[in-house]
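What follows are several structures.
In the two complexes below, subunit A is the common chain; its partner is subunit B in one and subunit C in the other.
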Partner chain A sequence: MAKKTYDLLFKLLLIGDSGVGKTCVLFRFSDDAFNTTFISTIGIDFKIKTVELQGKKIKLQIWDTAGQERFHTITTSYYRGAMGIMLVYDITNAKSFENISKWLRNIDEHANEDVERMLLGNKCDMEDKRVVLKTKGEQIAREHGIRFFETSAKANINIEKAFLTLAEDILKKTPVKEPNSENVDISSGGGVTSWKSKCCS
Partner chain B sequence: MLNSFTVASLCFVSDTLYFLCVSEICRCLTCVCVFSGSKACVRIQIKGEKAPELLLELQDDDRTRLFLTQVKSAQRQVASKLTKPKAMEPLAPTPQRGPGPIPPQRAAKTPSAVGVGENSANTFSALESSLNDSTSTNHNTTDPAHMLADFGFEEKFNNTQRVEEKKNKQNRMVASREPPPIPPLPPRKASVPPSNPLPPTPIPKDKPTAVQARGNSAVPSTKSDSFRSGYDGVDKPASLCESPTTKTMPSSPSGQREFLIKHCLGKKEKEYVDIKHFSFFVGTWNVNGQSPDSSLHPWLCCDPDPPDVYAIGFQELDLSTEAFFYLDSSKEHLWIDAVERTLHPKTTYRRIRTIRLVGMMLVVYAKKLHRKHIRDVAAEHVGTGIMGKMGNKGGVAVRFVFHNTSFCFVNSHLAAHVEDYERRNQDYRDICARMTFHLLEQPPLNIVKHDVVIWLGDLNYRLSMSDASEVKQLIKENALKKLQEYDQLTHQRKHKRAFTDFIEGDITFVPTYKYDPKTDRWDSSGKCRVPAWCDRILWRGSSIEQLKYRSHMELKTSDHKPVSSLFKIGVKVADEQRRKKVFEEIVRAMDRMENDFLPSVSLSNINFTFPDVKFRQLQKERFLIKNDGQVPCHFAFIPKLSDSQYCKPWLRAEPSDGFLEPNETLEMYLEVYVSKDSVTLLNCGEDTICDILVLHLDRGKDYFITISGNYLPSCFGTSLETLCRMKKPIREIPIEKLCDLGEDTFMEKEKSKVTFLMADGASSDDIPLKIPKEVWVLVNHLYKNSCDQEDLFQTPGLQEELQSIIDCLDTSIPDSLPGCNHSVAEALLIFLEALPEPVLCYELYQRCLDCSHDSRLCKQLISQLPRAHRNVFRYLMAFLRELLKHSTNNNLTASLVATLFASLLIRPPPNLMSRQTSHDRQKAIDFILGFLMARDEE
Partner chain C sequence: MEFGEESSPALAFEKNAFELTVEDVYDISYVIGRDLLKISSTGEEVSDLQFRIVRVLEMFETLVNKYNLSLEEMKMERDNLRSELDRIMKDGSSSGQSIQTGGPNQLVVDLTDPNRPRFTMQELKEVLQERNQLKAQLMVAQEELQLYKSGILPQAEPALVEVDLTPPAAIENILLQYENSQGSNHTVIRGSPVRMP
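Our next item is the complex of A and B:
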């Protein structure tokens, strides 16, 4: 028996240094696939994926950003309105981890105040090349009061879990809708107009 | 009026919703409404590619006319949308507007084309609100009794009430000529709760109170059902006009998605349902207006095991005029009580629905444990009595979905009299054609649209034998088979006149009509009716097995005997696990489709370098943009967050926005051109040839295009002070130095010059030049070569020569300049025009105008200019006066020269530019003129 569902649209954003695997994380989650060739994201891309949480169908619209330094000023302008931000570093790249605090500051400055943040240490399948200890990641996450996962888009470790956890955290914050008010439905197409008016106003 | 929503939603549904059709690129549907009027009513015919053709009739009154006007205007709007080029409309199941992070100032640039869905949704809501306004005014007239109560299953079926409202809104829908559409179904969900929430149906004290179903906590009054009886044709339009309006919003995108999912789930049903068998007890009894006077136990409780579902039909429940005219019957409750007392005691039942039309009543019960698997309950009635309207004959029906199988039970009382079998056939056909169920979010359903249909009732078909005694003899001999050869129903079915695709089991019981009441004796009245099998139960559908088909002689209340049938019916029961899996697959597929249908382009290059950019020298780079997605896309360069323009002033993208069909490629150009407006910041190093353009796809991603390059500074656009401090050509001065040179404001320059020249060390001479060497070179060249040049300053120079003059001044201190006199003359004008601070400083602009009438004041003003400006001004004036001495040859006049140079030397500050009047301009000209007419002084 089909139960009545109320679609929600959550907008998530992936940020972090260039080459840490943001696009791969997204690709793994949306298409359950992995591509080894590195193509730097020059711009802003997004994919959608519908998940079911607490009996609600939730549409995640996940934005992938260019990580290159030269684009930072531009990409920060996309933070506004994101309900969840995944901050990704590469456990085999110390610099990407050092930059985490800079990224966190960026979030503070440019994102919505109530944005749900999450820290991901990606490429955890490459244990032999690890330079950032897991405890380091855990520590900085704890300091900022955010969740942390070590993930691998390649080996499909924790990717789904991370997204679902982030979505769940956002859902917890989302005010409970009247079961009858079907107009809480947010465009399945994820039009910015609809969600702007409903979520960022 | 109240049908407006239905009609309106149909219009819009067809336009907006189907675009999501699974994996097919859908065409926008056209919806044709044909209006035709007659005296009494207005007919509306609705055709759509996927919607059923519907014919509606409305009463011709003011409200109808208002409604029609609204529909027509909506129709026009839809039509105008449809005439828009299709290419501009996204075909993908994608959102309407660029989603997600608010891209930098994206909102500032609204795309010229908006999806059809969006537009019509707006149109719709506009229409909707106006409709609501007009309907909300008359909701007070609503008689609560009009609202159908639902029986039991409050939370499960509480939407039935809304269904009823909706149904009431809809006028009687004359049978669809084509079967209703196959899903995807147009969502017709009420996306907003009714503006005036319905009060719970009150139970009037002076009316019989509700009958409580056994064990059922809250059963609302059956009053409303009672009310529905009577003049079928009269009753309906009345309720039509009075029932409150539920806001319907058919086109919410999530609704579309919901329906698509539902449709896909339906298509894949086989993958997740199992057939499980349930027993259905179906009973019919014409009670001849009697009240129950004995237990119904022998009829309803004759099987050892309790059936899962009971469907019990009565005819001639109430023969009183009261029931006929006042639509009310106390018998209803008596019989329901009697039934509920005798439902199988081994289990608990819940009443699902009751419906009554005059004497016909149908009541359906299901085991308590099944209630959560029963949904979409609806009931309807059709009168076929006198004038084809009255409710003394006709049918009542209840439909519902049990697990995944849809059921429809029809209880009918067809026309009487032996010879009138053709009337009975007609009644049957009328009921089939007119019985339509209205559910939320679904198109109207008719009887045959159900998986299982069970038709019971006093069908009134008789035996084609006139001799009652012969019949009775055959019955006595138990020659039922022989007798059945004369059965009209069997005959009519065989000849496909009625109940064609229904099945009836073997009749092994004696005719159920007509007995002397309270006996088992055949009718002994004067009429001495021929016995007949009036009371029958037929079915259609698969997986149906009739276990019993019998009459119940023990019950003697009526002149009919009750008949019952026990069915074993295979019901599609969904396996939750498998259903969920299928569901997830569908959602995945839809996500995938949505992702695939996002607009996408590829760019042949995203990094552009412009080397050695110079003042007034155009550089162009070409690249290709190709739509490599599956949908047409609109692209545009959009400003970044803090900017008002999409790029720096020296850059331009051509075109800056456009449309691309899939696979279409477009040539794009990036043009770098440093004009007088952008040169100064570049000269002093405050700006560089460096920019990132954001190419935004409507409803899609953004691409970043990086522009880099280097700029070669020019004396053009550099301030007079800075130039005065440069002893060398500007290109030979390191860029950092240029920044320093530009830093000082003109008031401070005198103080700083010493420091600068010391620091510079490039020159032993620590005094700045009196005038910039470039001014000197230009003027000196003209003075030497062009005093007698015909039409000097009135003939344009050559662009290439201008370029080499500029290069020459930037890289050297030439004795003479390349190019013709006209080019050099224009170079001078360009130099003056490009000065960041005009020769007559902005600060003194107003005073300059104010004193233009007084040459003494003018001179005073000039003496207050900063040194470089003062010198340049005087130098130029002297030169111009010299030129005017040669006016016979160069055709210059003082007023012409004054006009030309006033516009370059005396410029209003940028903030006053727009307020400059012709009067101001004349004053500036007068100012210059005063100097031109003066005698040489220096």
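Our next item is the complex of A and C:
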């Protein structure tokens, strides 16, 4: 048996207004940690996390974008490569919820047509400061035919579930390929397909 | 003494021409008029002179009036400009030290501000790409190191090392491969394929 690092590579993208907690959501998922100090993301960053779904090792390459408008040209150039996009808003910030339509439009304009989308209402631990009802989030998600979770990076609510669900939805759409020769290139490209070396069972 | 009596209106004759007011002109008229009266008692040949003097005094009155009005207008204009300047200077110093608007869609940058914008979006893009590439390479190196440490990889055979450098343009290719599952245009650093003995 050969040692394989992963079977599939999925590229995910986090978008949404500045300060809604995209970086914190990702940090919770990748490092299972939370940091209260707010450092605005500069342009674009990424993290890697390997998960196992249906017996497959799936490497998630998750791109974290800056929500600030001034980085728009940099961040939108990363939409096209994404297989899954998480649109995050802050349940204590009405503006971030209103802007969902703007972000969805960005997806339509810049992302791949069959990209898997998901809506997250973050900071759901701050119930006393909530201004966006959960039903509102559910409604807009239903209207656009996308999944919805309320999450909290701080209290670790639904974070892993959201990422795994998104990965699963992408996996369902991924064509099953038989591993071929030992020379299969496991660059990012080849890694997207199944990769196993020759002697694999 | 007659002099003390008429000293006040007669003073107008001694004034600087540019400081004359219409009142001074009236004083001058008064003095000249009185002097004419004294002379006129001697004969009537002064009456022509009297009309001419009156005419000159009228012209004099108009000129002095006009001059004073213009002077007043200019002083007002000067004061307005001065307060306008003060207002602009005050606005300028209070509206942020480094960045002011210089018109629609324009920024005025203070060259002495150490935090002034200096780099282009393209430059930032390149730096971020390089940062992300290095980060990806570090992850690969760490992963590989872990494999060596855990004894999974034999020392003799280098691991198959993959580096995903995917800048935006390259991501597109990955998506194509995702669909076609063949070929690659990516930067791949590879040793010999990993095989168990």
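We take it that the second predicted complex is superposed on the first by the 172 of 201 C-alpha atoms of A that agree within 3 Å, B and C clash if a C-alpha of one lies under 4 Å from a C-alpha of the other, contacts with A are read in each partner's own complex, and residues count from 1 in each chain.
Throughout what follows, a contact is a pair of C-beta atoms (placed from the backbone, for glycine too) under 8 Å apart; a residue touches a chain by one contact, two chains touch by 3 or more.
What you see is a predicted model; the values in this text were computed from it and never measured.
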item	value
Which superposed partner A:I44 touches (first subunit B, second subunit C, both, neither)	both
Partner chain in contact with A:K57 - subunit B first, subunit C second, else both or neither	first
Per-residue touch tally on subunit A - higher for subunit B or for subunit C	B
Which superposed partner A:M83 touches (first subunit B, second subunit C, both, neither)	second
Which of subunit B and subunit C A:P175 touches, first, second, both or neither	second
Which of subunit B and subunit C A:D7 touches, first, second, both or neither	first
Partner chain in contact with A:I74 - subunit B first, subunit C second, else both or neither	both
Which of subunit B and subunit C A:N112 touches, first, second, both or neither	second
Subunit B and subunit C contact sites that coincide on subunit A, given as residue numbers	1-2, 5, 11, 42-46, 48, 61, 73-74, 77-78, 80-82, 182-183, 185-193
Residues on subunit A engaged by subunit C in the complex (per definition of touch)	1-5, 9, 11, 42-46, 48, 61, 73-74, 77-78, 80-83, 112, 174-175, 177, 182-183, 185-193, 197-199
Parts of subunit B lying in touch with subunit A, wherever the complex brings them together	93-104, 106, 118, 189-193, 249, 252-258, 262, 265, 372-373, 375, 403, 574, 584, 587, 590-592, 594-595, 598, 606, 640-641, 692, 694-695, 699-704, 706
Of all residues in subunit A, those that touch subunit B in their complex	1-2, 5-7, 11, 13, 30-31, 42-50, 52, 57, 61, 63, 66, 70-71, 73-74, 76-82, 180-183, 185-196, 200
Subunit C - residues contacting subunit A, complex	121, 124-125, 128, 132, 135-136, 139, 143, 147, 152-153, 160, 162-166, 168, 170-179, 181, 183-188, 193-196
